[in-house]
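Please find the structures below.
Next come two complexes, and both contain chain A; in the first it sits with chain B, in the second with chain C.
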Partner chain A sequence: MTRARPILLGVAGVVLLGVAWEGYKALGPADGVVVNGLTVLPRTSDLAMPHLVTMWTRLGEPVTSAAGSPALWEAVVKAAGFTLGIAAVGWIIGVVVGMLLAILMQRFRTAESALLPWIVLSQTVPLIAIAPLVSGWGSQIRFGESRWQDWMSVAVIASYLAFFPVSIGALRGLESPEKAHMELMRTYAVGWWKTLLRLRLPASVPYLIPALRLAAANAVIGTVVAEVSIGLSGGVGRMMVEYASTASGDPGKPWAPIFGAVAIGLIAAGVVALLGLVLKRYRRGEVTA
Partner chain B sequence: MKHSTRFVLGISAMAVATGLVLSGCSSSSPTTTSSDGGLTPVTLQLQWLAQAQFAGYYAAVSQGYYKDEGLDVTIKEAGADTVPIKSVASGDADYAISWVPKVLGSIEQGVNVTDVAQIFERSGTTQISFKDKNITTAADLKGKKVGSWGFGNEWELFAGMQKAGIDTTSGIKLVQQAFDMKGFLAGDIDAAQAMTYNEYAQVLETVNPDTGKLYTPDDLNVINWNDEGTAMLQDAIWADTEKLKDDAYDAQTVKFIKASIKGWVYVRDNPTEAASIVTAAGSTLGTSHQLWMTNEVNKLIWPSTAGIGEIIPSAWDQTVDIAKATKNDTGQTIVTATPPDTAYSNEYVDKALKELKDENVDVMGASWTPTTVELKEGGK
Partner chain C sequence: MRSSDVAVMAAGSTATAVDVVGATKIFTVAKGAQVIALDTIDLSVAPGEFVSLIGPSGCGKSTLLRLIADLDQPTTGSVTVFGKSARQARVDQDYGIAFQQAGLLPWRTVAGNIELPLELHGTGKTARKARAAELLELVGLTDFADRYPEQLSGGMQQRVAIARSLAESPKLLLMDEPFGALDEMTRERMQNELVRICAETGAAVVFVTHSIPEAVFLSDRVVVMSPRPGRIVDVIPVALGAAEDRDDDLREAVGFFAAVSAVREALHGTPAGGAAGASAARGVETR
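Then we have the complex of A and B:
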């Protein structure tokens, strides 16, 4: 019973959202709620807010009427898998870079003073400014015979968003061991490297897990936005742009890639939760981020 | 000290590992530049995602017209933040497709590119409204809620209104228009910007709640900027001006234009197949919408006045005049001075057209007539 509880609550949350959507659509004013000329709540027309049934049945129909066109849900699953793959690469790069920066900053005080402001500043640069730069630089790069691919630019942009929470969270985690523990290590004449492995890294886990979760969410968002920005085909980002043109004639269709993006986010969060299970014995007194 | 050494070693090991992971990823996707059979690799940068607006280039790839000329052409789609001309200027692409007014501004800022073939002779931009609004000319827009996309897509609209004597800062209510027609259908916009080949069709693919059937052309009034005299030149092939001095690039440009024109001739003669080629290239537009776009794009090219791709000086001058004189909602003009003579050249397209005429290819399309495309709900 206790195990089923969170699942039941989760399902209840989704149902509640659906009821709120259909409820507002049925009862809300047709022209939406406008305050001082600003629309604060949307119109309730079928164009602005299609019925949930419309979105659901649309998923089962083919993408287009062309012969051999796959069902919409199949196309979305395929695109979501593509986006998830890139987000995973971006997440891994982001985690590795973030951890390295955190260790570097923990080891050398100078590095912390020199790097930390830049790490914070890096996140104030808007994505639309970075994206064309990254793809521009990327196209100049060759690895022997093979060439930089557009998806790599997207992964790099995703990692740019993902490394930030990891570096900050890991730094706090690495610096979290109590003084008594550090002094114990010193009395054993244990070097810095071993202290890192035996004390600092295990102690950082409660800080790291929430940071990894944030990084996963950032990597997914970064991937979707970067796909749109540099025009990479195959993922849900591009699908959102393409399907937007059917918003009036086929209002259920543009919602399909949005569901795909939600699914990717859930999977990414699930993977981090699994990672948390593996590291369970280090997760005492976890701080939530 | 000893610990630092180990630390540095550890860092280097991780860096190497990361590098390996990255290169491992890269080798999983095949390279696109391998030139087989001595073909010259050429990259074409589009100005948007794959769709029938670019059908001629996709047809030229799929029908092997580029290969016949010794070119291995890779078509690059654009994203929301891609500036096609920058790709040519930075050498990422050899040629780009872009609207003329969008490039004129870049040229004034010092980018050296040349319009080597004006594929679209006519403009596809219109301003559409429902019949009951009684908006049939630019002058009728006065006092109305006028939709505008902005970002360089608004110049013909502003030129048209200013030509009709409307003060565009106070005489209209300017509404920022999204790239779908929801605002127009909901009544937020009286007259909305619409490309003949895209947004106009989006409206015709929507069910009219009053009749339960799709909207028809009879429900709409269309202001066509070609008729109002404020049309500007749109899709053109742009090349790097500096590189054109190089004999190899010069010859390659003629070949590229020649094969591209053959692609567009194929699209004219086989619109259904052309629409399928674009869909096969990765476009997810609905079948009837894709075919509509193919047919409408054909109308912008055929019948051709002076041969497809030929830049007609009077049309170029009209574009430049509007670019110099028209102020948009932020009070800016596209350019302040006439662009340099290198901004366009008929030298390459003339050579391509001559070769095509020798091969008995019809580059005029004088007898071409558009087909009738029946749009389905949602463009399906």
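Then we have the complex of A and C:
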């Protein structure tokens, strides 16, 4: 019963969202709610707010009316897989960079003073501003025969969003061991490196798992947005832009890539949850993000 | 007190387990104010000897232990452990240590916690396992080897911590109120076990406590300290008999009560009472 509870609550949340959508669509004013010329709630027309069932059935129909066009859901699954792959690469880069920064900052107080403000500041730079820079620099990079690909730019941008929570969370975690444990390590006369491996890293796990979850969500968002900014086709980001233009005639279609993005987010969160299970014994007294 | 030091010195200074000479520790607190935590402390502990440090809070007994463990350095004076500097002794792992809080790593099993110092110092896996099994038997926790600390009671955790402090067979054990957080029943049982363990390992012990009966029951000598500044006011020889004779009956013996009153009088420190206490203490000496 206690095990089923979170699942039931999760399902209830989704159902509630659907009921709210359809409820507002049925009962809300057709022109939406406008306060002082500002639209605070959307119009309830089928174009602005298609029925859930429209979105659902649209998934089963072909992408376009052209012959041999695959079903919309197939196209979305393929695009979501593409985006997920890039997001995973971005996440891994972000986690590695974030961990290294955290270890560096923990080791050298001056590094913390010097780096931490920049790390916080880095997140205030809008993605739209970095995207052309990254792809511009990337285009000048060659490794032997192979060249910098656009998807690599997207992954780098995703990692730019992903490293932040990891570096902050890991730093807090690395500094979390109690004084008693640190003194015990001192009495064992072991150096910084062994203390890191045997005490600081294991102690940081309760702080790290929520940070990894945030990083996963950030990597997915970063990938989707960067796909749009860089103009990389094949993923759900670009698909959203393409399908949005058909919304006037085909209101269910733009929702398909949105569902795809949601699915990617869920998978990413699931992978981190699995990682959390593997690291279970390090997670006594986990902190919330 | 100095005379006993001299006696130990005469036996050969390298043979001393701990030798503290004129150690003063001054902490600088907020706004540059200074607190004298320890004021010219002299203390020697012979190999295999059990010495308790007792006194009210703030008397510097834990600070003194920390100086011996090289967790703090004396402002003046010197601390020598087995003829080396405290720092060298720490680097050479000449002592094992246990604190008031067990301080077990929550992600390691009981056996894993006991193996920690061995693992950190590069002992092979089989040797580690064998040693952990031995120690678990010594502290009576063989059946709990694979449990995690949070699954154990406070007394069991403390036994694990003691087993861990013994892992590398140190010739000196430093214990900072290791039973302070335990209930009276567990505490007395742990004291009995500690007496037995010390007899089996032959280690010298410096034991910080604020319980008079505990100090008397365990010790060869009880060092009584007073606060502000931290000083040794008296050293009372107790030595209520060989380890094997020390059992629960001892807690009700006449000599035990005499020593308890001697320590108590030294603690309360009225000059006349102090002198009487000291002479009473000499009276119970059995060495």
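Methods note: the second predicted complex is superposed on the first by the 289 of 289 C-alpha atoms of A that agree within 3 Å, B and C clash if a C-alpha of one lies under 4 Å from a C-alpha of the other, contacts with A are read in each partner's own complex, and residues count from 1 in each chain.
The rule we apply is simple: a contact is a pair of C-beta atoms (placed from the backbone, for glycine too) under 8 Å apart; a residue touches a chain by one contact, two chains touch by 3 or more.
Just so it is clear, the structure is predicted and the values come from calculations on it, not from any experiment.
On the superposed chain A, the two partners chain B and chain C both fit, without a clash.
Set side by side, chain B and chain C differ in how many residues of chain A they touch, and the one touching more is B. Judged by the touch definition given at the top, the superposed model places A:248 against chain B, while chain C stays out of reach. In the superposition on chain A, A:258 makes contact with neither chain B nor chain C.
Looking at the shared chain after the overlay, A:186 reaches chain C, while chain B stays out of its contact range. In the superposition on chain A, A:282 makes contact with chain C only, not with chain B. Using the contact criterion defined above for the overlaid structures, shared-chain residue A:45 touches chain B, although it does not reach chain C.
For the superposed model, the angle subtended at the Cα centre of chain A by chain B and chain C works out to 150 degrees in steps of 10.
By the touch criterion defined above, A:269 lies against neither chain B nor chain C after alignment on the C-alpha atoms of chain A.
Using the contact criterion defined above for the overlaid structures, shared-chain residue A:201 touches neither chain B nor chain C, since it reaches no partner.
Chain B and chain C never share a C-alpha pair closer than 14 Å once the two structures are laid over each other. Partner chain C is touched in their complex by these residues of chain A: 178, 180-181, 183-184, 186-190, 194, 198-199, 202, 205, 281-282, 284-285.
Interface of chain C with chain A (complex): residues 69-71, 90-91, 93, 95, 97, 99, 101, 103, 105-107, 116-117, 119-121, 148, 150. By the touch criterion stated above, chain A contacts chain B in their complex at residues 43, 45, 47-48, 63-66, 75, 89, 92-93, 96-97, 100, 104, 107, 128, 131-132, 136, 139, 143, 145-149, 151-152, 155, 191-193, 227-233, 238-239, 241-250, 253. The residues of chain B lying in touch with chain A in their complex are 2-3, 6-7, 10-11, 14, 18, 21-23, 25-27, 29, 31-33, 49-50, 76-83, 86, 90, 92, 179-182, 185-186, 198, 202-203, 205-207, 276, 279, 282-289, 376-380.
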